[in-house]
Every structure is written in structure tokens, then in C-alpha cells.
Amino acid sequence: MEIKRKDGRLANQLRPIKVELDYLKYAAGSCLLEMGETRVVCAVMVEEKVPPFLKDTGTGWVSAEYSLLPYATTTRVPRSSSQSGRSQEIQRMIGRSLRGVTVLKALGERTLWVDCDVLQADGGTRTAAVTGAFLSLTMCLFRLHRAGQVKLPVLRDYLAGISVGVVQGQPLLDLDYSEDSVAAVDFNVVMTGRGELVEIQGTGEGRPFSREELERLLNLAGEGIKKIIAMERSLLGEDKALLFGQ
Amino acid sequence: MEIKRKDGRLANQLRPIKVELDYLKYAAGSCLLEMGETRVVCAVMVEEKVPPFLKDTGTGWVSAEYSLLPYATTTRVPRSSSQSGRSQEIQRMIGRSLRGVTVLKALGERTLWVDCDVLQADGGTRTAAVTGAFLSLTMCLFRLHRAGQVKLPVLRDYLAGISVGVVQGQPLLDLDYSEDSVAAVDFNVVMTGRGELVEIQGTGEGRPFSREELERLLNLAGEGIKKIIAMERSLLGEDKALLFGQ
Amino acid sequence: MEIKRKDGRLANQLRPIKVELDYLKYAAGSCLLEMGETRVVCAVMVEEKVPPFLKDTGTGWVSAEYSLLPYATTTRVPRSSSQSGRSQEIQRMIGRSLRGVTVLKALGERTLWVDCDVLQADGGTRTAAVTGAFLSLTMCLFRLHRAGQVKLPVLRDYLAGISVGVVQGQPLLDLDYSEDSVAAVDFNVVMTGRGELVEIQGTGEGRPFSREELERLLNLAGEGIKKIIAMERSLLGEDKALLFGQ
Amino acid sequence: MEIKRKDGRLANQLRPIKVELDYLKYAAGSCLLEMGETRVVCAVMVEEKVPPFLKDTGTGWVSAEYSLLPYATTTRVPRSSSQSGRSQEIQRMIGRSLRGVTVLKALGERTLWVDCDVLQADGGTRTAAVTGAFLSLTMCLFRLHRAGQVKLPVLRDYLAGISVGVVQGQPLLDLDYSEDSVAAVDFNVVMTGRGELVEIQGTGEGRPFSREELERLLNLAGEGIKKIIAMERSLLGEDKALLFGQ
Amino acid sequence: MEIKRKDGRLANQLRPIKVELDYLKYAAGSCLLEMGETRVVCAVMVEEKVPPFLKDTGTGWVSAEYSLLPYATTTRVPRSSSQSGRSQEIQRMIGRSLRGVTVLKALGERTLWVDCDVLQADGGTRTAAVTGAFLSLTMCLFRLHRAGQVKLPVLRDYLAGISVGVVQGQPLLDLDYSEDSVAAVDFNVVMTGRGELVEIQGTGEGRPFSREELERLLNLAGEGIKKIIAMERSLLGEDKALLFGQ
Amino acid sequence: MEIKRKDGRLANQLRPIKVELDYLKYAAGSCLLEMGETRVVCAVMVEEKVPPFLKDTGTGWVSAEYSLLPYATTTRVPRSSSQSGRSQEIQRMIGRSLRGVTVLKALGERTLWVDCDVLQADGGTRTAAVTGAFLSLTMCLFRLHRAGQVKLPVLRDYLAGISVGVVQGQPLLDLDYSEDSVAAVDFNVVMTGRGELVEIQGTGEGRPFSREELERLLNLAGEGIKKIIAMERSLLGEDKALLFGQ
């Protein structure tokens, strides 16, 4: 028998997703992404410079920053904590995920700075940020391509992230905050359009979990990501396909 | 003969203003305010505590923070500079302005934290932040009033801010970034519904200015603020009037 | 009927000013300035380098820092707070004021660092700092001129600052701390030798103020600044006139 | 055909492990742990206080810090970077892992501070730190138990960590630095004595990875952890079994 | 044959000393002390609180801070470096020296904060600071005594500091900067009115030094300190003698 | 009659010293040094760059850092305090001491970074660090010599440090923490193989001390250092003699 979710969703059902592409004027790519009540602004800006370890290699870099705005949660988060350990952990994960599908050689020697600011946090902010960051990155790369500044293909595949977890013994897709805060097992999964994994972070802080649970959670995540990537494809439009060498 | 403004505005014409009240779920009062291409998120959160110098006085406090998000301008602003001298100067000005119309005694011993984050900066961000902060503060105070937590009146008057400046010898209202960056004289003005001044900051970094210019700039600012406050009244609705003891 | 000032001054009377020019050995220009019990050390040092945004423009820069020494007030101010928001706001104002009368092109590609340290704070520290900084800057520019390192004119006009405010309904010139701490309206004004304005900062944190009050306060400030600039002229001596192209 | 490992190990072979328990005099539990050339000092100290969110709940806390000493790698790491994003990510993972097997209620209102300092880094430092931290934690809890300060059971299970990865298409156990730096897929796995998972972090920064690869990597990790936990049991001795309620 | 000193002094001659006691209005004790061109402001402020390790012991504390103002040397010292390692080393030495002659039990549970700011640095700033700090401390303690807030004796002895060093093989007293910068051996010595040592810091960064040289340097320092303490006695006046139990 | 030392040592007896040379794999020179229960890791790493003030002079530099690891003392020291004033004072002393016997010209334009981390602190950590740092430096220089990268002689003499102090009126050599914490007078002495002094830091925070006490303490320190340097010679071996030009 299934657990009853607060908002009436099925265990394997995503929250409604809303995306406003090119949300910002000065960023090279950006969006405002909402998953249920979670709301994230993602923006990509281009710097014609790479970190020291890449100098004179012809290779580019993608670097991400993540921040919870002070009013994103029920209790105000002082700005000084915005670069907390949690934020650092998350922004490293976003950066790795994006680099996992980007052809850095094709970028040329430039850095794409990806900022993800959470306006409202109702669970799943880091995976929403991965999805929003990927959309913004794609828009940015399309502009760079139009300006003749990147080689093709510059992206290996589509990318999206989702959270899954076990609540009262039941694996659930896309946890909101009320679910996340009582989950015994908590996973963040990032996958590609071909269904391969790019990043998986799972923790059983409440209790250890078995290989079988892991399987079920990854299946659930896979289902969710497939739907999100379908949304991404239609949102980005067919003209972006050439970035992927298609 | 008049200078021709990039967007066709008259010298004494405001940019279009758009406000989404209660933009955020967890804040006690909030809005997304746009003036032309300038876009600011304002949020007020309540902390049941006052700074040390107010302890056991029965009086409350209003404290503001202002930050430029990294993608708000054409060149990315590193997050570490978000608490720059400029931001500190601005947030002190926002705080003073709000306290200038708030009856702190009526607040009780609590602090209202007002956050103003600039999503997009096309000039006039600090005065847009004053206006947005005032709207959010009013929404927050209305909720506190409904919950029986503040005395009335808790606000002395309506409040709004606007920038004015002299460009190519011509006083202009509500400068956008392209105007602001070449202005010889630059003013930020905060006024009340009765047309009194709460804060005035003027600087002639390009060249000194005369008392006559000051007069003309304040007249221009007064015109603009009158229109903004009319918009505030209609936006907030009549039921908020009691906060002002009306 | 006039308010009675603690030290017997008239409403439009300055405190006694004492200046020791070239107070310091290593600075290119410096002074110890006292206005009543307020005491500020100002020093200018030359760096043969400009901030990045001015590189290769042939133009120089003036940058100010302001700090309250720990023993400047009745309660010790920890050193860590010396770069507080208040200090940042003030040093930005000092920098803008000085740049307002300096011909940056004539400076050549160098930065003049102006430090203002308050040894004793009895009100009006920021405007005393503007006056002391201007005197030190002039001494420094005179030395640079003698060494053939700046073009003439390098200064547009004399400069001084003063505070004015409304205490118990009475506009007062040059507030000491006991007056400042109860002032309903509080102004800092920076003007030139020709009586033009360079910077005006006014705040009605206690209550809003009218245009008429603004007029009266600016008149009062203008009177005071005229006297201070007369003192500056006599102190600096006639040989400095050539810096102003006279 | 198998890849040839630099040190002649089989793909599923651990590096030699050496542990010196109670390595430090003042810590309540500590060890020096070596896995091949990787060398970590782990120490647990007791503070009779909990973080604010646990006050008056009767529940304790385990908090971990991880740091790379400046001479741990071939190029010196400045001390200021020791609290880098990478360190923060790692210490959060160590803390979660330890809390995953600790009965926090049984601890009483105290915090166990776990420090992990890497003297020498030749790959696998974070999982070596998990193993060393668990051993130190157990020694500390045994002392607290002897002093009558914790309830039993205070540990749910044994715990160890190991890294696995894919190098030149070959899944390998316990990567050294030369292997880790060329791995396409990189996993850190923390498991219990019963073979359940507590933490799994996998990233395909080089390229995405399939569910099958994930399976094989987890099998490899499981084998390795089984051996490490056998070592832990014999090292800790039978008298520690009662901490686990056995 | 003796080395010729720039200012014509003998090897064992002090620079002229000038002291302005009670230099500051808000500090409980203060002075402006000049030794030749070195100029230091010292101030003592009272806080009715002690550091945690002294709570409820009835014992007081003396804590010193030392800072080089940005214009104190020929090249401007950025403010951020004012809490450099050098400053920290020096302020710890000043604090220890003062505590060495203060009867902390007699102080009661309060902290005396001693600030030493160097306006102009021409060598010997740290020992000038010790002397100036001692004078300020004595003035402060005299006021506390008058107010009935300390027991007597509260000071064990007079205190002063001086630098000595070896330049071109010649031991010299009270080095100015031009001497200090070429000294092979460099000593800072703090002694009491009875000629006992409180602090000695000697370093042979240029070359090691012998026990004989140490003897000669300490003799030289002893001579100098005797003179400084005679000056202190006459400056402080006979009424201060009771602080020392005389 | 002599004071009885906790561990049965005579007043002029050192604690047992144990050194493991080349303790670390990646450092160019390193050791683990134990003096009784005090345990310090010292490591030297080479950077092919000098601080700005030495650029293009052909001269090298030696820079030291000292840190107390969080578990080094009975109460945990938060990592943030690891760069405390005390640490800064100590690392400056270690750096000066090493430079006192190093021929910086012979080093070439490179910096030797010397890190000293205290694993366990039972008194005398800073002088143990000097001794350990000297041993590590010598090993590093020997490697640089073998690689033909330094001129000879590159060291002027052997170097070691020791603490001495007065406990209950009795001068003692090599104080442990229980002795150090009650010592009235406290000295750290660094001497060379020829018995000359490089650094002496003495403080009478408990009470002033006489010249006679100073003599006795330095004699005691001299005895101890002679023994430590004999140990260093035998440990380093005869082949290192050429670094000293022997």
C-alpha cells in the first residue's frame, strides 16, 4: 500500500515544472526554473580566461556557484552562511555534472560561470539547479556557436537531475521539503539523455540501505529524468540539436 | 531643446513599473519589482529579537541588506564583492529610509530583516529597492497586525525612492544605466506620501552643482515619487490604510 | 527663541578649528585637524599605479579610507569593526568629494591614497575628514607640482565639508556629538570655494523633513563652509593658488 | 585482459593497511591509518555541548573536519585553502557516514568532534578518513561507556569506506593517486558490517557511466570493505562488541 | 673607534623623548609619545568584563593591541595588513610586559584594553609603545583608584622598553630606522624601575651573536631604561607613587 | 635543594628525543620529532619563486608556518584559531632562526616553505619545531645540493632550540606543559653548533627576573642545546658536513 503524498502525487510522479528561458538580459544563457514550489534562477556568463591549470591547453572550463538566498527558507539564512559547506558541496556537484556532458576542448580557452540562486527552497534545489544550469548552458553555447566561437559538437548529451528518497519505507520521486526532512535515505541523481549516470550521491544518514533499495531508487530516478529531458528537448527546440552533433 | 532619451521617454517620465506582490512563499512580505529593465526581489522576514542596544526597550528595529547578484550586470560580479563598500552604503540608506517612516515603538521587540537582491541592474537599483522594500514591509506589517502583534499606527506615511541626474546639462528623471554612467550630477531621493524628504544623496563627482540645479532635481524627483506612491496606494489596497492610522 | 548650545555657541557658529599642516613625516601631504573636540589625522600618499579600469588612459585616481580608532569614542570600538558599513559609506563619500574638485587627467597615471583616522570623535568626523583631506591633498599636489609631475590646473576649486542638523526644531551648524545624537534631521554637506555643492547627504531617520527645512539647512551649511574655506586659503598660502589655475 | 597496476596489485586488491590505535595522548580516541602511501591522523574529542538545534533533546551529535596538510601532496597546499570547497564536501560526507551508524540518542547531549588530517595523500584519502574516523570513534565511545556516560547500544554496525573507479575501461579497487587522476569514473563508497550502504558518491566527470558499471563497481567496493571491516574487528577486539549491542 | 650616528648621537644616547599625557578625551589613560621621529598614540579603556578563563576569579586582565597606521612608513601599509603577524607578535609582547608589573588580583574583574597606534615609525616603535602604554596604564589606574575601584598596590614597579642592536660591529642604544634596517643583531628589552627584566627578545637574523655581545647589549639597554624611567617618575608625579605601594 | 620533576628528570636533563628523518614522501625534507610527549611534524617544500622584495636579487628565502592541530592539547582547538596571534609569533621566530644560519645568497631565487604542525603539545613545541625544522631544512638542502641547485656552503652552522624556565625558584631545562604552565619566568633559546645565540625570547609574565637568573637560564639552555646538536650531527651523518663548508 502506498504512502499518501501531501499534494496527492503518485510515488513516481514529478512536481509540475515551469521554465522561463532567457530570463535575464545580461547573461549569455539563463532561466527561471520552478519545480513545484522550488524556484531557482540559473545564469551563465562567459569569461575569456581559464583557471591556471588549463592555460595554453586550448581547453575551456565550466565552473558553478550555488547559493540559497536569505529568504529561500522559512527561517532567514544570513548572507554570510551562503558560502557554507553545504553550498560548496552542491556547487561542486553542479560543476562536475555540467563538465560531464561538455566537450571542454570544443569550448576554447574560456570559462563559463554558472550561477544558481535559490529564490525559494521546497526540496530538490540542487537537482533543480542542475537542470536549470544545463538549460542555461545550452542557450549560452548556442549563442557562442552562432558567433562562431565554439566547435561542434560541444555537448555530449542532454542532462538533468532529480532527487529520490525513502519515506516511511516507500521510495518516492522528487521529494518536497516536508518529505525530504523525514527521508531515511536520500539520493541525488544526474543522468543523460541516453540514460547514463553522471553523478550519484546517496546517503543513509537515518539508516543504512541495501543494494535492492539502491536499484529501486535509481529506477525511479531514471523514469523522472526521462520525462524532464523530454521537456528540455521540446523547450530548447530542434535547432539546438547541432550542439550535440546531431 | 531637450536631450533625446534612448527609449523615447520625456525628461520627466518614469520607466514602466511592474510589481508582483507576495512574490515569495516563506517571507512575511515580498515583491518582485521592475522599473524598466531593472529588476529587484525584496523580502521581509521577522526575527523575534532586537539588536543589543534596543534590548528591553519595547522598541523594534528594521535592518536592510542589499546585494547585486553575480549576473545582474554585463560583467559578472564575483559573489565575494557582494558585500562591497557600495552595497554597504546602499543597504544603510535603505534601512534609514524605512526606519524614517516606521513607528519602531509600535513594532514591539522584533527585527524586520529586509533583503533586496538585484536580479538585473539597469540603473536606479537602490531607489527601486527602497520602493520594493517599502511595499514588502507594508505587506509584512499588515500580516503582523492581523496576528495582533503590532500597535497602530505602525507606519507614518507611504515611501518611495527615485534617482535623478543631470545628463548633457539636462535634468532627467529615473536614469537608466546608459544615462547614469555619463551623468555629471547624480541624486537619489526618498520621499513620503506627503511630499516630505526622508533621504537625499547627491554627488557631483563629475563637476560641482548649484543650488538652482538642486532645486530642479528635487522638483523632478518629487513629481516622480508622487506617481510611484499613487501606484503603491492602488497596489496595496485600501485595507492597508489602517497601518498608517487612517 | 533659540536653543541654548552646551558650549554657548550660536546656532550658526562653528566650533574652533585648529590645523597642523604637514603633521607627518612620510606622507606627501598631511594634517592634524581639530574642530572642537573632534580630531582627525589626514594623510596623502602617492602610488605610481592606477586601478585596472584606468590603465593606459593617462588619468589618475583619488581613493580615500576612513577609520575610527578604537579609543575615539566613549566606548571602545573593536578594530575589526573599523571597516564597518559606516566607515565604508563615509570613505566613499570622502573619495567622491575629493575627485569632484580634482582634475584627474592632470594627475597622470597615479593614485593618491587619502587616509583619514579619527583620534577623537565628537561629532562631524566625516566632514572634518573632508576638510582635512582636502588640505592634505593640496599640500601633496603642490609637492608633485614642484617635482614637475602634474599639469596645471590640477584642482578645480577649494573644498570643505560641514554637518548641519535640526535639534529640538532648531537648525544648527556644526553639531557636536551630544547634538548629533538627538538630531531629528542630519545633513553632511560638501561645497566648493564658489559656493557650489559637491556632495549632500541628508537623512530624516527621526522624522521626514520639508523642502523649506532643506533650504535653511543648506544656507546654514553654506555660511559655515565659506568661513572654513577662508581659513583654508590663509593656511595654504598664496603660492598654492596656481594649483587652481589662478 | 587486465590492466597492469603500478604496484603489481590485482584489480580487486587493497593496498596494505596499517593502523596505530590510540596514536594520540589527549584525544578520547585516535589512530594513525595508512593505506599504501596514504596516511591520515584521526582523532575524536568530546565536547559536553550540542549544536543549538539539538538543545534539550537528550540527543548527541557527531561532527567531522577534514584537512589536507600543506605537505600532503607533491605541490604545497597553502594553509588558507585547507578549508576549501573540496575539504568541506569531504568532511560533510565523513560526518554523515559516522552519524549513519551512531545511535545519537544513546550519546547524550554531547558532541563528538572528529578531526581527520591527511599527512600524505596518495589517493583514497576521504575513504581512509572514514575508516580511521570510525576506529577512533569506537575507541572514544568505549571510553565513554566505561565511564558510564553512554547507553548501549551506541553503534549500529561497523563501518568502512573505500574508493573504486574505472581506469582504461577496467574497474579497480582502492585507487592510488596515479590511478585516480586518470579515472573516467570515480566512486567513494561507505558500507557497514552487514554489507549495507551508508554513503555512495559517484561521478563520471570524464564520461557518463552505465548502470552495469555501477553494479560492478559496487561489487568491487563491497569485497574491499568486507576485508577492511574484518581487519577492524580484529583490531578493535572482542570487548568492543557490546557497543554494538552484541 | 666609534661609528658616527646620522643624528650625531653617542652610541649610548637616547633620542629626545616627548610625552603628552592625557592626550585623548575618552580614554581612561592616554598619551602621545615621541622618541625622535617615532610617534605613538597609546590609550587605555576599561571594560567591566574579563576573558572567559578568568570569569569568577576576582582577577583582572590587561590586553594590548598594536597597529601601524597606513602612513606611518615611507611606503603606505594597506589597512588589511595592520593585523599582520608582525603586529600580533608585538601586541602580545606589549600585553605580557604590562601584565608583568600589574597586580591583576588588585584590578578586580575588568579588562584594561591598551591600544598602541603608530602614527610615524622611525625605529623602536614596539618599545616606545611599551613605554607609552605603561604611562597610559598608570594614568588609568590612578583614576580607577580615585574612584575606589582597585586595591593597592596595583602596580609592582615602573616599566619601560628600549631597543638595542649591533651596527657595523658597534652596539648602539635606541636605533632609528636607518640603523635598525642594517643591524646584524636586534634586541628589544623591557625592564622595571629596579632594573629587573620583564621581556627580552633578541634575534641574530643577520648573524649569530655571542654571550658577550648579549651582555653588552643588556648593559646598554639598562642604562637607557634607567633614564626613561626617571623621566616617567617625574612626568607621572609623586601622587602616583601609592599605586606602587609606596 | 632541588625541585622534584614529575618524570624524575634532573633540573638540567632533557626529555628523550626521537626523530624519524624523511618522514614524508612528497616533502623535500621532513621529520617527525618527539621530545617526551611533544610531537611535531616538520616538512620543507621548495617553490621556485621568491617574495617580491627579493625579485631579481639572486637571493632565496626561508618562510615558516606553525600550527597546533585541533587535538594537540587537552581541550580541542578550533581550526580557525590555528592562525592565532600565538601561532604567528611562533612561526616568525622559527623563520628568523632558520634564516640566521642559512646563506640565502647560496640558495638561489627560491623559497623554502617550512611547515611545523604540532600533533601533540606537552610544552616546548616552538623550540622542538625549530630543531625539527632545521633537520628537515638540512635534508632538503642536501637534496638541492645533489641536484646541483645550491652553492656551498649554504648553511653557516648547526641549529637547535630549547625552552628553559624558573619553576618554584628553580631553573629547569626543557619544561613540559605541567612545568611551563606554572613557570614564573619562561625562555625560548635558539643556538648554533658553535654555541652562539640566534634567538632569545624571555618573559617574566609572572614576575620580573634578574640578570643573574638570565645567566643561569642561558647556561642551562646552552648545555641542553649542545646535547641536541650532538644528536643532530650523528643523525644527519657526515656527508651533510659539506653543506656547512666543512
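Every chain is named by a letter (A, B, C, D, E and F) in the order it is written, and numbering of its residues begins at 1.
We take it that a contact is a pair of C-beta atoms (placed from the backbone, for glycine too) under 8 Å apart; a residue touches a chain by one contact, two chains touch by 3 or more.
Since we're looking at a predicted model, the values are computed, not measured.
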| item | value |
| --- | --- |
| Homomeric contact chain B-chain C: same or different residue positions, threshold half | same |
| Repeated interface matching D-F, over half of the contact pairs identical, chosen among C-E, B-C or E-F | C-E |
| Intercentroid distance (Cα basis), chain F paired with chain B, Å | 60 |
| For chain A paired with chain D, centre-to-centre distance based on mean C-alpha positions, whole Å | 28 |
| Gap in Å, rounded to a whole number, between the CA centres of chain E and chain D | 51 |
| Sites on chain B at which at least two other chains make contact | none |
| Chain contact topology (line, ring, star, complete or other) | ring |
| Order of the ring members, counted from chain D so that chain F is second | D, F, E, C, B, A |
| Sites on chain F touched by chain E in the complex | 85-86, 88-89, 91-93, 96, 99-101, 156-157, 191-192, 194, 196-211, 214, 218 |
| Chain B-touching residues of chain A, taken from the complex the two chains share | 24-27, 30, 37, 41, 43, 45, 47, 65, 67, 69-76, 79, 82-83, 113, 115, 117, 119-120, 122 |
